[in-house]
Amino acid sequence: MSLVVNAEEMGAFLDEVFPQVTGMFGIDVLDEDRLVMRMFVRDEHLRPGGTVSGPSMFGLADVSAYVATMARIGKQALAVTTNCSIDFMRKPESGRDLLAHTRVLKLGRALSVCDVLIFSEGIEAPVARASLTYSLPPQRP
Amino acid sequence: MSLVVNAEEMGAFLDEVFPQVTGMFGIDVLDEDRLVMRMFVRDEHLRPGGTVSGPSMFGLADVSAYVATMARIGKQALAVTTNCSIDFMRKPESGRDLLAHTRVLKLGRALSVCDVLIFSEGIEAPVARASLTYSLPPQRP
Amino acid sequence: MSLVVNAEEMGAFLDEVFPQVTGMFGIDVLDEDRLVMRMFVRDEHLRPGGTVSGPSMFGLADVSAYVATMARIGKQALAVTTNCSIDFMRKPESGRDLLAHTRVLKLGRALSVCDVLIFSEGIEAPVARASLTYSLPPQRP
Amino acid sequence: MSLVVNAEEMGAFLDEVFPQVTGMFGIDVLDEDRLVMRMFVRDEHLRPGGTVSGPSMFGLADVSAYVATMARIGKQALAVTTNCSIDFMRKPESGRDLLAHTRVLKLGRALSVCDVLIFSEGIEAPVARASLTYSLPPQRP
């Protein structure tokens, strides 16, 4: 699926619609084949033991699916998450950013389905896996 | 299942193990039949349009399942979420706290499974539904 | 939500659209507050040890969510399951039918979300919990 | 993760522990990197319109995760599915077998987590995606 929004435009759009998370996420790679988003790990995401919290990992998966979908249908602030299933598999390494690799498995008229695999940077085994469904606004250009 | 930790002790335990969310959640009801947790909705949880963000609702479901489980097995900081499936069904009302009603469906040797229904206070239709699995530490008293 | 199809009509509709499962499921209760569906447990659903197979329990949850939705929007063979999350919590008792208690949590323009709790008849602790999303056909009466 | 059971032994083991599904599934590829299982599509799996039923696709995902796990830990009939989340994304093509591509994302002491992508043979877009968690017996060689 070809892209209608590039990484730079998407970064600016995220700052506009989600000002409260500005500086929290970055786009490492965004092309037709894949999206890699980075979560800059800061103290406020940490749980006891120095690990990243579940809600922070959920947030990374959610914004990744949003960006992957928007890059293909255009900037639609009204798309909403309807379902997320997430498996937490390993403790993230403290002191390392998280990288989320996202694939768009379906982009239909009404729904988008994405699959996200989250890694601690530089570690091969994934820390979490998520699938997310977004409900898309009825009329799209 | 009878409780081994009451609401007051649990509140103090949460402040100790999750200091970063102190003041964010409260326990309205905790007895053998049910747990009702409250999320005090503040600006930092809001998305554009005044609604509560998905990660904040995930966080409420996660802490609720944790509290419901700990209240039955005792305070075990090492329990970890292994899976969460969440359906976002309606936009939370702005200006209203969220209330999470939680049931423990299974409390086994190795796993706890909880079901959480989240409401905007005073509104009948639920805003979200989640199920969560916690992996429990091997040796328990 | 009021019903537009009663239990008898629904049974006939299921026989018509799912002839391959005729005789497998029955409707014990269908009213505005709840749906209880019964799976008549037969040898073909059993796994080693006399337990009901996962796919059979999935099938029961799926048909229950379908019936609960159709009872409210009218008979629409084209509704399709888009997501199911299911937790298997206990081994069903052999020689007992399964009963699925279903609630419709959301009935929107495009999606229906149901919650299903499955029991071995006569046993208090649930064997499985499922949530299902159905995508509904665009034009509805 | 290296394999301790090969495709031929695994096929014989499935026939032994799941005799009721003999002839329904085959193993196309089983090596350290991937598992591809085939569901031989027969009339009994079909829904109106010639499509494969949801429970049949669930069954394929479930047996795939089981095989991928057993191939790594050895034949353990007692492993049980504890959770499955499945997204149905497209209608399978009638008259084509289904192929399930499975990855083992985590193989821990107590839990195995697999990711399954299901295709109609010869079609590029996936029909379904599933993640499954198996609880593993406590003592393993």
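So that you can tell them apart, the chains are marked A, B, C and D in the order they are listed, and the count of residues begins at 1 in each.
To be clear about the criterion, a contact is a pair of C-beta atoms (placed from the backbone, for glycine too) under 8 Å apart; a residue touches a chain by one contact, two chains touch by 3 or more.
Values in this document were obtained by computation on a predicted structure and should not be read as measured data.
Enquirer: Starting from the Cα centroid of chain A, hunt down the chain whose centroid lies farthest away.
Expert: So the chain farthest away from chain A turns out to be C.
Enquirer: Could you quickly compare C-D and B-C and let me know which has more C-beta contacts?
Expert: Output for the comparison: C-D.
Enquirer: Counting in whole Å, what is the centre-to-centre distance of chain A and chain C, each centre being its mean C-alpha position?
Expert: 33
Enquirer: When the C-alpha atoms of chain B and chain C are each averaged to a single point, how far apart are the two points in Å?
Expert: That pair's centroid distance is 28 Å.
Enquirer: Indicate the whole-number Å distance between the mean C-alpha point of chain C and the mean C-alpha point of chain D.
Expert: About 23 Å, centre to centre.
Enquirer: Give me the residue numbers in chain D that touch at least two other chains, ranges are fine.
Expert: 82-83, 85, 87, 89, 133
Enquirer: Which of the residues in chain D end up touching chain B in this complex?
Expert: Interface residues on the chain D side: 82-83, 85, 110-111, 133, 135.
Enquirer: Tell me, which parts of chain D touch chain A in their complex?
Expert: Those residues of chain D that touch chain A are 85, 87, 89-90, 105-106, 108, 113, 115, 117, 125-126, 129, 131, 133.
Enquirer: Which of the residues in chain C end up touching chain D in this complex?
Expert: Those in contact with chain D are residues 17-18, 20, 44, 46-48, 53-56, 58-59, 62, 77, 80-89, 91.
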